[in-house]
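There are structures below to look over.
Same chain, two partners: subunit A is paired with subunit B first, then with subunit C.
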Partner chain A sequence: MITDKFWPAMKMAALYLLLCIVTFAVCFPLIWALSTSLKPKSEIFATPPTLIPHSTTFENYEALLSGRQQYYQSGGAGQATGPTPAQFFTRWFVNSVIVTLGSTLISIVVSTLAAYSLTRFRYWGRSAIPYFSLLGYMVPSIIFVFPLFLMMVRLELTDNLLSLVFGYVCITLPFCMWLMWAFMRSIPIEIEEAALIDGASRYQVFANVVLPTALPGIIAASIFSMIVSWNDYLFGRVFINSLDNLTLTVGVMLFFEGTHVDWGLLMAASVLMTVPMAILFMALQRHLVAGFGAGAVKG
Partner chain B sequence: MDVKLQRINKSFGNVSILKDVDLVFPSRKFVTLLGPSGCGKTTLLRMIAGLEDISAGSIHFGDREVNKLAPRDRNIAMVFQSYALYPQMTVRRNLGYGLRVRKTPEAEIDGAVVRVARILEIDHLLDRKPAQLSGGQRQRVALGRAMVRKPDIFLMDEPLSNLDAKLRVTMRGELRRFHLDLNATTVYVTHDQLEAMTMSDLIAVMHKGVVQQFGTPEEVYGRPANLFVAGFIGSPPMNFLEGTIDSGRFRIGEAALPLPPLADGIAHGLDAVIGVRPQDLNLVASAGPNALAGRVSLVELLGSEKLVEVMVSDRTRISVQVRAESQVGLGENVHVGFDAQSVHVFDKRTEQSLLAEATKA
Partner chain C sequence: MRRLDFLQSDRFVGLLFIAPFVVTAIVFMVYPIAEAVRMAFFSYNPLRPDLVSYVGLNNFEFIFSDPLFWSSFSQGTIWTLLSILFQTIFGVGIALLLHRKLFGMAIFRGLLLFPYIVPTVVIALIWRWIFNPEIGVINYSLQSVGLISEPIYWLSTPTMAMASTIMLNVWKYTPFVVICVLARLQAVPLELYDAAKVDGAGAFRRFLDVTLPQLREVLIVVIVFRTIWTFNKFEEIYLLTKGGPGTSTFNLAVYSFEQSMASLRLGVGAATGVVMMIMLMIGSVVYLRVAGFGNEEKST
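Moving on, here comes the complex of A and B:
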């Protein structure tokens, strides 16, 4: 017998089914990469393809992290003559971490201070600056990659990780500043005034009251900046030309160049590239949604 | 500690917010700055706090000029209308912040925080964050944060306006009690004349950046200095009638109403406005020299009283407050009786009280 609750329940079931399908579609490339990276070579091209490996192996990860390109060794005949991408994997990983953290640190420090100044002090043009800065972010980076490259040549910074740090600051700072500006505007000035009256100095007000209140904004801006820097390909491709200084995104492409594509290795590299960002997101998303600012003033 | 304001001016560009404010708040008094929004009362309070620059004039706390002192060097505490609690700190940290930045030993901070929390009955909330508190609780935390430091001067910017009506009445009494316990000079800003009347030792009524009258609640209610103060203080508001002075009486149309003895010296023929509070009028049975005839156009029951609106001419209506038992019907012809002692007389042109002039003379 169909009760009153049948159709609402069916509706919920259909909704959850749809959500499951969408989630699976979104996650599929990642699942596939993970699955391939864990398969032995013999299983990678097996038909029919398997989503869950029959036997799992960590040899791809081992090869990447120890810098050994395994198919040359197992093949015997084609011993590697030059450097191989796997040898540089850890190096590129460290490079990526350095430029990502470096550019994010600069972007966050500058944008937080700039946003504080824009919202708390009165000077000419302070209301227009945030919008112009947002406009700057809307220009595709391909337009200013070459002028920037020429500047780096002048500064003798080409093929130097610093050039990437500055390049990423150029593309992340405008948006970070706009984001922080929007965030700082929502912090009521009364809580700063209350701290001033309580006896805090300007610096103490900023450190004890403004920064903790702005933390969710800082985290959001940091995540944005890290994702942009970590995932960038264009600047890494243009600014860097030695194998030693490549970042992960450009470096991993080298797995394709050659007569043989080692899919297991490539997929393991992709998974390792994704992991830091995934961990970052999981660790920080709590701060993004926390009910910040609530209760400071009449709620 | 007394607070002296001398010829204080404030302007933003060409807009003048405060004009020549001269006030002395005696030590340990509860002083209220009262006025409608935009009258400059909050700006004045912020100047006392050091949050707003002074365009001209000087502020003294006791003998010390504080014009150039930063807020933190003034030993003041302030309660904001929005409470302004630190959102990421617990109630305990909120209360102790002022002591902590002054490098007070932790044990002492703890003691002070707990003591104040007990007085305000928020000791069970010490580990909560502001977001987890109700409006009334936040209000108490804001008050506690101000009390914990033993300030010389206590500033409050409409601290009750975000509370519901019932809580507001309770808090009014509590604030008054805290003031007596704290022994500090309190400067309180409000637009609510009832709050000002019930809590203050002294009231400064402000309008358009100018202090209209500074005196005790009895003075501003009983002897308003001008038309603005007369109309702003008191509920229901005072009735105003326009007419001329006619040999010691007030002529309005055919009628000539009595004036208090203080008005004897007022020049004959002067255009004047008289003000009478609804409570000071009554409905009388028959016409007489001290009464105006009219017709009842509205009757409102206020509870223990009735407010009767009487049309005495085509354009003039007078509110009369009578006992709730009084039988007054809509459209009834009545006579409104005036008592000479309770009539206030103002110059129509200058809007100043003519009785105050007479008193001075």
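Moving on, here comes the complex of A and C:
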């Protein structure tokens, strides 16, 4: 009787323990970053290091969000004269939001329309396009980036957020296309036919019947697209050259320039940069498996 | 009226809806790739656009006789193989752990998949902080446990820098393997396990005889995909080590970037890109064979 309940319970406890250890190990870098960002300067370098700060402070977050100059202060000997990365943080954040939303909007609109067309009409090349697109999404961005840069030079779009929007369309469109195509293919065509027979136009059917049904696919594709655009460093680094127009990823790497690295500030910037992705990720959780089923994981 | 009829006609709607994609794909995908291939045959300095000249295969001769190209190639290969090895082992392990219906599993799953969406810049910054030789928590912990007596210079010695970038890569992309394996595990018929239990197979034997063969297909696809992607990764290396110390963590993507950006030899960078694309195509052919896409298309 005892062994009947005892061993399964022990097994369960061991399993939970193992899960906790693995999860802690995986999340440790993130926990440590969060912890550092909340520590006052004196505690960041304390030995032994503390996982949970003895005294928490939000000064790093305040400095970033208000653009206050505190970057070189801890060195003691007066302030730096030039602009400091902290002053640009909110600006870069807004830039990142703009290019992320802009490119995602274009990719989603273009790929949704295309996927509808590919799955509902018959014409030459319609079965080749999704596979062509899949191939496009395997090509690494290092190959796209310089030809696109020269194109932007010719269009006089360098150092312009629009160039990044186009650049991110180039890397997100292929897999949005693939995902939307796979998703549209799985939507039964009968509902649309019924609506068409009832006298609705193609456009009405698309707007009122197809789009609502395709919404989970659209959400999943948008989230993947936003993650890719938000996280990109390469395009921002090559296309943009003024501090005002940088995105977060490239801008925050600049925190390393200069002799003194303010780790608390840097970790706070890292946390703030990750938060939008964390929110998206929570929204994504439900769609993750559906999205994967459609072959939509980019890495 | 005739024009309206034309608009209502299905064929027109179909072409109208595909048109933006065709235009965007030609401008932002086909053209840049074609341009990259063209650039590989030209001498191209972005500061002197007036001096562009056709140089034939010179750029390819340059890279094939450049020892740095070959060391980038072999370092990239080692980086890829070790990354994939650890990603696969950890990925399958974590997926097996998560593949149970337990209370609170959604939280564990969420936390274990989270690294996948953390920006590479953020991971690189955190890595530089926790692996800092003097003030980093990793060295402190290892020293206080007594595993090491001297601080390890994680990012400034060639071997350790390579190990650090591999760790970063494994940390970020293991969730990809977990997601794929987890999705497949959910489709393994439970009867197979019952049958194995009846035959008296222990947990480990059941894993070897039932789980692993079932995972074979998905693992092959995942490994091919990840190999192609990992081999071409740029940010995961560049942001952490800039390819250094020296050139000890260069891979072909970093080599191509440095040729284009630092040496301003866009033609040489493009030629490297072309070589990478050829390898990618070989990888893709392998993938298409493995996944059997050709067959699927015939059946639909």
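As a working rule, the second predicted complex is superposed on the first by the 272 of 299 C-alpha atoms of A that agree within 3 Å, B and C clash if a C-alpha of one lies under 4 Å from a C-alpha of the other, contacts with A are read in each partner's own complex, and residues count from 1 in each chain.
To be clear about the criterion, a residue touches a chain if its C-beta (ideal position, glycine included) is under 8 Å from a C-beta of that chain, and two chains touch if they have at least 3 such contacts.
Predicted model only: the values in this text are computed from it and were never measured.
Looking at the shared chain after the overlay, A:I227 reaches subunit C, while subunit B stays out of its contact range. By the touch criterion defined above, A:I52 lies against neither subunit B nor subunit C after alignment on the C-alpha atoms of chain A.
In the superposed model, A:E193 lies in contact with subunit B only, and not with subunit C.
In the overlay built on the shared chain, the residue A:S201 is in contact with subunit B and with subunit C. In the superposed pair of complexes, A:L135 makes contact with subunit C only, with no contact to subunit B. After overlaying the two complexes on the shared chain, residue contacts for A:M267 are found with subunit C alone; subunit B is out of touch.
In the superposition on chain A, contact of A:V169 is made with subunit C only, not with subunit B. For subunit A, the partner that touches more of its residues is C, with subunit B and subunit C as the two candidates. Applying the stated contact rule after C-alpha superposition, one finds that A:I143 touches subunit C and leaves subunit B untouched.
Comparing the two complexes, residues 201, 292-293, 297, 299 of subunit A contact subunit B in one case and subunit C in the other.
Across the complex, subunit B is touched by residues 188, 190-191, 193-201, 204, 208-209, 212-213, 215, 291-299 of subunit A.
Per the touch definition, subunit C reaches subunit A in the complex via residues 8, 10-11, 13-18, 20-21, 24-25, 28-29, 31-33, 35-36, 39, 46, 94, 97, 100, 102, 106, 108, 110-123, 125-127, 129-130, 135, 137, 140, 144, 171, 173, 176, 179-180, 183, 225-226, 228-229, 232-235, 239, 253, 256-257, 260-261, 266, 269-270, 273, 276-277, 280, 283-284, 293, 297, 300.
In the complex of the two chains, the subunit B residues touching subunit A come out as 49-51, 70-72, 76-78, 80, 82-89, 97-98, 101-102, 129-133, 135, 138, 145, 149, 162. The part of subunit A that touches subunit C in the complex is made up of residues 12, 15-16, 18-19, 22-23, 26-27, 29-30, 32-33, 36, 45, 47-49, 106, 109-111, 113-114, 116-118, 120-121, 123, 127, 129, 131-133, 135-136, 138-144, 146-148, 150-151, 153, 166, 169-170, 173-174, 177, 201-203, 227, 230-231, 233-234, 238, 248-249, 252-253, 263, 266-267, 269-270, 273-274, 277-278, 280-282, 284-285, 288-289, 292-293, 297, 299.
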